[in-house]
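Let me begin by presenting the structure, written as C-alpha cells, before commenting on it.
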C-alpha cells in the first residue's frame, strides 16, 4: 500500500481514539469537555520523555494512559459541581494551562522547541515494515477501544450514563451519585486520548506544544458532530471525513500556487469555524445524536 | 520584594484589571441574558485592535495624524466595526439558536472566534503590529514607576465603564437591560420589546470588546492571539463577580488583574493564564455560583 | 417514619417555609394541600434534600437526615417523584426502571468489561422485579416503549414505578394528579392504594382535593409557609381557617 495512504490512515486512527473518548464523555454522559487536547498532549509528552530515558514502549504507553487518566480526576471532580457551560470553560482553561506548562518548563519538556528524536514505534523493523506495523497496532488499539466502549454502552453502567445525561436530578433522587460515574467516564476518555498521544509521539517522532492547541479539541468535536454524537460508528465516520478534509486542504495548496502553508492554516481555521457554526445551525441532530433535542 | 515592588505590581494589575473589566462586562451581560458564555468575545477584541491599528496607520501623515486624534478616530472605527459584527452575529447565528441547548450557542461562539481570527490573519497576516504612539518615559514616585500610557489606559477604561454604568442606571434602555440581566424572566413577563433590547445588548458587547481590544493593543502588541488570551481571565472575572452583576464583573476583573500581577514573583510572568485558570477553578469548586452569584443559577 | 421538626426554609430574606412540624407514621397516607406558594413543594425539596434547611431538623427512620445528600436519603428508603416528570427520555420504560434500581455491584466500568455474566443475571432479576412493579402501576403495555413516547399521565406513573424499584419505605409524591385526565386519575388512585397496601408511607402534595380526599386518611393544609390544619380530611376542610385560606374557593 502506498506509504502516503498508510500514514494518512494512521492519522485517522489516532484521531479515532480521540473521538471515541470524547464521544463517550459528551455523547453518552453529557460532559462538555473543551480540553480534550490536554490529555492528548500529556500522553504524548509522558510517553516521549520516558522513552527518551530508555523506558520500553509498552511501559511508556501504559504510563501515558495513566497520566492522562489521573489528570482527568480534578476535572472530573469539577464536573460534578459545575454546570455545563462552566465545565466547558474550565476544561478549556485546563488545556491552555497544560500547553503553557509544556511551553514553559523547559527543563523537563524542552519548551517551545519541542522534543525531537522520539523513538519510532516498531522502528527496529525499518522502512515500510515500520509504517505497516504502526498502522496495524493502531487498528488493534482502535478496535479494542471501540469494543471496550461498546461493552460499556451496553452495560448497566452505560444505561446509567444515559440516564444521567437525560436527567441527572432524577438519578440523584433515586439514590445514585452521578459523581462516581462521571469521573470514571472522564478518566476512561482521557486514558484513550493519552494512548492516542503516545501513538502520535512515536509516529511523528517530534512533538511540540503548538501541536496541542484548542483547535485540535475542536477538530475532534467536529468529528463527533459530523458523525452524530453518541454513535460509535458516527465517531469513526466523522473522523474519516475530518482527516479527509485536513489532507484535502493540503492538496488544494499544491494545486493553487502562491498559497503559503501559514495561509492554509488560516484557511483551515476559517473552515473549522464556519463548519462549527453551520453544523450547529443546520445539523442539530448531529449535536444531540439519538437524544431528543 | 520591596513595598515599591509590590506597589508597582499592584498598579500594573489595576490597569490590567481595568482592561479585563471591559470584556468581562460584555461577557456577564450576554451570559445573563442570552444564557451562554460568548467565547467569541476575545477574538472580537482582537478585531477591534486590528481595525484600530489599521485605521491609525492609514491616518498617519494626514490631517488626523496627531496621535490622540488618530487614536480617537481609530477607536471609533473599531467600535463601529465590532458593534456591527456583534449584532450581525446575533441576527445570523445566536438568535436562531435561541431555543436550542446552551452547548449549541457555545460551540457556535467558538466557531465564530475561529472564523474571526482566521479572517484577520488571512487579510493581514500573522505579524505583530503596534500603535503609533509617542514613546514616553515612566514617571517615578520614589520607586513606584508609572507609565503615562498605562495611566491613560486605566483612565479610558474607567471612563468607559463609568459611562456604561451611568447608562445602565439612569438611561431608559440601560435600566431595562440591567433589569433583564438581573432577572431574565422579567423580560418575558412584562412584555418588554425583546428585539431592540437584544440589538442593544449585542452592540454594547461589541463596543466593550472593541475598546478593550484597543486598550490591550496599546498596552502590549496587536497580534492574532491578543483577545483569546484574555478570554480566560475575563471569564474568571465574570464568574468571580457573579453572573449578571456588572459591578461584580468589574470588581472581579480588578481582582483578577491584581492577583495575576502579584503572582508574577511567584510563578513568573508567563503563567498569568494559569493563574486565572487556577483562581477560576478554586472559586468554582468552593462556590459553584461564583462569589456574588445566586445559588439558584448554579445548576 | 418521617419526622419534620420545626423546619424553616429561607431564600434570601424570604421565608418560604416557617416552622413546619409534621410527623408521618409508618405506612400512613398523608396529603398536603394549600394554595400556590404555600410552600408545599419547597418543603418537599427540603425533605428530599435538594434544598437547604435554615432551621429545624428532619428525621427519617430514626436517622437525622437534615444535612444528608439527596442520593443518600433515597438509599435510606425515602423516595420522591417530581411535579414535572423527569423520565429518562432515551431509555425504554423497562430500562428506566432498571436504571432506577439499586445495582451498585454491576454499575461500574469493571463490571461492564469483566463482569458481563453477573450483570446479565442481575438485569434478568431486575426485569422480573420491574415487570412486577409495572403490573402494579399499570404500565406493562408500555414496557418496551421509549419513555419519551409516554403521555403526561403515564410519565407520572413511570416516576412512581421508578421510585418503587428502590424498595422505599416512604414516597413523597409531588402533585401526582396534575394534568392527568380523569380516566387516568381513577387508575392512579388504585395504584396509590395498592402501593400503600404494601406498607409504604405516602406523602402527597396535591391541588386536586377531590382526588386527595379519595385516598388520604389525614390531610395537612399549608398557607404562607405554615401548617394551618392537620387531621381527618373532612374536619380539616370544614375548618374556618382553611376555608379562609382558600378564600371562598370550592373546598
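Going by the order they are written in, the chains are A, B and C; count residues from 1 in each one.
We adopt the following convention: a contact is a pair of C-beta atoms (placed from the backbone, for glycine too) under 8 Å apart; a residue touches a chain by one contact, two chains touch by 3 or more.
Fair warning: this is a prediction, and the values are worked out from it, not measured in the lab.
Q: Averaging the CA atoms per chain, pick out the one whose centre lands closest to the mean of every protein CA shown.
A: Centroid comparison flags A as closest.
Q: Could you find the chain whose CA centre sits the greatest distance from that of chain A?
A: C
Q: Approximately how many whole Å separate the CA-defined centres of chain A and chain C?
A: 42
Q: How many angstrom lie between the centres of chain A and chain B, each centre taken as the mean Cα position?
A: 31
Q: Rounded to the nearest whole Å, what is the centre-to-centre distance of chain B and chain C, using the mean of the C-alpha atoms as each centre?
A: 47
Q: So in the complex, which bits of chain C are touching chain A?
A: For this pair, the touching residues of chain C are 48, 50, 69-72, 74-75, 79-80, 82, 86-91, 95-96, 98-100, 102-103, 106-109, 111-113, 116, 119, 122-123, 148, 162-163, 165-166.
Q: Which chain A residues qualify as touching chain B in the complex?
A: 32, 34, 74, 77-78, 81-86, 88-90, 92-94, 96-97, 100-101, 103-104, 215, 218, 221, 225, 262-263, 266-270, 272-277, 279-281, 284, 287-288, 293
Q: Mind listing the chain A positions that touch chain C in their complex?
A: 148, 151-152, 155-160, 162-163, 165-167, 169-177, 181, 184, 188, 290-292
Q: In the complex, go through chain B and note every residue touching chain A.
A: Per the stated touch rule, the residues are 36-37, 39, 93, 96-97, 100-108, 110-119, 121-122, 126, 232, 235, 239, 268, 270-271, 273-274, 276-278, 280-281, 284-285, 288, 298-299.
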